[in-house]
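In what comes next, subunit A is part of two complexes: it sits with subunit B in the first one and with subunit C in the second one.
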Partner chain A sequence: MPASRLADILSKAGVACEPSDEALGAVVRLEAARITDALAALLSDGFGFLVDLFATDTGEAIELTYHVRSLKRLEDAYLKTTVTYDGEAPSVWRVYPAALYAEREAAELFGMAFPGHPNPKRLLTVEGTEPLLRKSIAIREAGEVRLS
Partner chain B sequence: MTDEELMRVRGIRPEGAYTATVLPKGLRRLPKGCDELATEHLILNAGPQHPSTHGVLHILLELDGEEVVAAEASLGYLHRGVEKLAESRRYHQVGTLLDRADYVSGLHSETAFAMAVEQLAGIEVPRKASWIRSLTMELNRIASHLVWMGTFGLDAGAMAPFLYVMRDREAIIGILEAITGSRMMFNYVRPGGVLADLPVGIEQRIRAFLSTFPGFLDENDALLGGNEIFRARVQGVGVIDRHTALAFGMSGGCLRATGVDYDVRRARPYCAYPEIDFDVPLGERGDNWDRYVVRVGEMRQATRMVEQLLDGMPEGEFTAKVPKVLRPPAGESYAAVESPRGELGIHLVSDGGPTPYRMRVRSPAYYNLAVVDEALAGGLLADAIVTLGSLDIVLGEIDR
Partner chain C sequence: MAGRCPPVALDRLAGEHSVLFIRSEQLFDLARRNSLFYLSYGIACCAIEGLMSAGGPRFDYDRFGIFHRGSPRQTDVMIVAGTVNKKMAPVLRRLYDQMAEPKWVIAMGACASTGGPFREYPNVVLGVDQVVPVDVWVPGCPPRPESMQYAFMQLQLKIKAQTRERLDAR
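So, the complex of A and B:
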C-alpha cells in the first residue's frame, strides 16, 4: 500500500501529514497534537489493530511510532510524530486500548507524558528511576566499561 | 480531564467495535460502606511470588467477597532493560539477550531478530537455514505449549498432567540441546542463518520422538481436557470476545480462540512455512476452553510440520557469508514471527553502526496480558487464576 493512500485518508479527516514510502513500509509523519484524529480516521478505514507503539530517542527529540494494521487486507501503516524531551502527545487509548500499557512504558522510559491516559502510573520501573532508554543515560558507569 | 470526558468514546470507534464500559483506571479503592450493605472491598495481592502467576507477575485484585471488582497488573519485577542493553551489543550478540526475554521459546525471538537484521542488511538466507529455523521453532513451540499445558492444569488444580507433559518436554529439550548446544538459552539463530548444521543422527532421534509423542499428547489431552472437573472450571469462563481481543492487540492462540483467523505464518510467511502444509486451529467463543483447544491443536499441527520439515530438509549451506562485524545501512525494519504466544515482532533502527540504534520488542504476552484489567473484573477469584493461566504469559518477555 503506498503512503499516498494513507495521506488521502488522513486529509479527508482534515489532518495534514507528510507521506513517504520507506523500506519499512508506508510511513506518514504528522504533528503530535493531531495523532488521535489521524488514528481514528485509520480505524474507521479498517486499521483495527494496533501492532505496537514505541518511542525512539533520535538525539534531538523523541520520535513516537504507531504501527497499525488491517487484518482483513493485511496492510501495515506507520505513523510517526516527534515530541520534545519532557514533551507530550495525547493518549490514544480511546481509539486503541492496546496503547494503555505501551504509553505508560514509553512515558517512564523516555520521560515524556501522555495527557488523557486514565491510569498514568509507572509500569516497569519504580518511582525515581531515570528515563532509561534516553541516549543520554549511559548503559554502564564509565569505570565499568572495559576498554578494547 | 474529568472521567466523563475521558470516557467519551462514541464517535471515535466505529459501530460494532469494542467500547470501554469502565474507565481503565485500575483499582477503584472504594471506601468502606460504599453501599447500604456496608460493603468493604478487600485488596488482594497475588504475586509476585505466587506459583499461579507464572513467574513474577504481581496482580492486585479488588474483591467484593469472592467477586473481582477490578484487577490491575503491576509489572517490572523482571525488567532488565533488554532493549537498552541491545544498543550496546553487536548484532551477533543480541540473541543471548532475547533468549532471556522469552525464556520458554527462545528460538522464536532469535529468529525474529535475525530476520529484522537480514531485512536491514539485505542478506539472503540459504534455503536449508530457513528449514532448520522452522524445524527448531516448531519443536520449541511444542515444548512451550507443553509447559503451558502443565501449568494451566496446576492452576485448575490438576497435578498429574504437569508431570507427564514435563516428561515429553524433556525429550524435546534434549533434541534441542543436541542441535543448538543449550537446553534453553540457545543463541543458535544468527543473522544470515544458524550457528551450526544439524548434528549426525538427529533425524532418527526426532523421528523416535515423533513416533511416541502424538500418543502421549492424546493421553495428556484426555487426562486434562477429558476431565469433568477441569471442563467445568474452564468452559464458559474467562470469555474475551473478538472485539475486545482485537482492541487490546491480542494475538496468537488467545486471538484465534475468539475465531479470528490471523496467524503470522500465513499472513506474513517466513522461513519454510510457505512450503509446508498445516492448519490453523480456531476457537469460537474465546473462553478458557477455546484457548486450551486451540493450543492443543497447535501442538498436533506442529508435530505434522516437524515431520514434513524432516522429510523435505534440503541440502546446502546452513548460513550465508556474513561479515564478523555487521554494519547494516541506516534505516528501519520490522520482522515478526508467530511465537507460541502470538506475534513477536522486532523493530530495528540502524544508524549504520555496529550496534542497533534502537531495538523494540513487540512482545505478544505483554499485549495479551493488558486485557486482564478488563477480563478479570466481574468474575470469581478462583476463575481469575484460571483465566490468567489460560493467557500463557511469560514474564521475562513482558518485562524484558
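So, the complex of A and C:
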C-alpha cells in the first residue's frame, strides 16, 4: 500500500501529514498532538491491530513509531511523530488499548510523558532509574565491569 | 565411590537387612544431600537448560533425588537461572529468606555469576552474590544440563564436608 493512500485517509479526517514510502513500509509523519485523531481514522478504515508502539532516540529528539495493521487486507502502516526529550504525546489507549503497556515502557525508558494514560507507573525498572535507553545515559565502563 | 558421592541407597551402603549406626545429624545430612529439592526460579533462558531440560525425561534429575518444587518453603536449593536486575533483586532476596534452613544457592550461568553479556547495562546486578550467598557458580551461557549435574555433585560434596567440619569441631 502506498503512503499516499494513508495520507488520503488522514486528510479526510482533517489531519495534516507528510507521507513517504520507506524501506520500513508506508510511513506518514505528523505532529504529536494529532496522533489520536490519526489513529482513530486508521482504526475506522480497518487497521484494527496495533502491532507495536516504540520510541527511538535520534540524537536530537525522541521519535515515536506507531505500527498498525489491517489483518483483513494484510496491510501495514507506520505513523511517526517526534517529541522533545521532556515532551509529551497524548495517550492513544482509548483508540488502541494495546498501547497501555507500550506507552508505560516508552515513558520510563525514554523519559517523556503520555498524558491521559490511566496508570502511568513504571513497568520494568525501579523508581529513580534514569531513562536508560537515551543516548545520553552512559553504560558501565570497561573498568567497572571487569572481574577482579 | 568415595569422593564422588553418588546417590546411595542405605541397602547398598550397609548391606541387606543390616543395622546401621549413624549420628542423627549425619543421617540428616545424608538425606539432605540425596534429596536436593530446587526452587523453580527460572528468570531467563538458563531455565530452559537447567530447570526444564534437566527436570525432563532426557536428563531426569529426579533419579538423583533432585526435584523441582514451586514453593520456596519446600526447597533446599535455589538455582538462580538468569539475569537479575535491580527490580528483581528484592524478589530474589525475599524468596531466599522464605526458604527453610539449611539452604544453598547455585548461581547458574554467566548472568547470575557476573551479570554476563548484560553487565554494561546500569540496571543489571553484577552477580547474585551481591544479593544472596552463593555456594556453587556454574559457568556457561547457558550451561549444559550436565554442568548442572556436576554443580549438584559439587554441592553434595560441600554438604558432606560441612558435616565433617561440624563433627571435627566438637
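Here, the second predicted complex is superposed on the first by the 141 of 148 C-alpha atoms of A that agree within 3 Å, B and C clash if a C-alpha of one lies under 4 Å from a C-alpha of the other, contacts with A are read in each partner's own complex, and residues count from 1 in each chain.
The criterion applied here is as follows: a residue touches a chain if its C-beta (ideal position, glycine included) is under 8 Å from a C-beta of that chain, and two chains touch if they have at least 3 such contacts.
Source: prediction; values computed, not measured.
In the superposed three-chain model, the partner touching more residues of subunit A is B, compared with the other of subunit B and subunit C.
In the superposed model, A:139 makes contact with both subunit B and subunit C. Applying the stated contact rule after C-alpha superposition, one finds that A:87 touches neither subunit B nor subunit C. When the shared chain is aligned, subunit B comes close enough to touch A:40, but subunit C does not. When the shared chain is aligned, subunit B comes close enough to touch A:101, but subunit C does not. In the superposed model, A:67 makes contact with subunit B only, not with subunit C. In the superposition on chain A, contact of A:121 is made with subunit B only, not with subunit C.
When the two structures are aligned on the shared chain, A:51 is found in touch with subunit B, with no touch to subunit C. Touching of subunit A by both subunit B and subunit C, each in its own complex, is seen for residues 124-126, 132, 137, 139-140. Those residues of subunit A whose C-beta lies close enough to touch subunit C in the complex are 124-126, 129-130, 132, 137-140, 145, 147.
Across the complex, subunit B meets subunit A through its residues 1, 6, 8-9, 12-14, 17-18, 20, 23-26, 72, 75-76, 79, 81, 83-85, 87-88, 119, 246-249, 260, 262, 267-268, 331-334, 343, 345, 347, 349, 357-358, 360, 362, 366-367, 369-370, 373-374, 399. Remark: subunit A residues 22-25, 36, 40, 43-44, 48-52, 54, 56-57, 65, 67, 71, 74, 76, 93-98, 100-101, 115-116, 118-119, 121-126, 132-133, 137, 139-140 touch subunit B in the complex. By the touch criterion given at the top, residues 85-87, 114-115, 119-123, 126 of subunit C touch subunit A in their complex.
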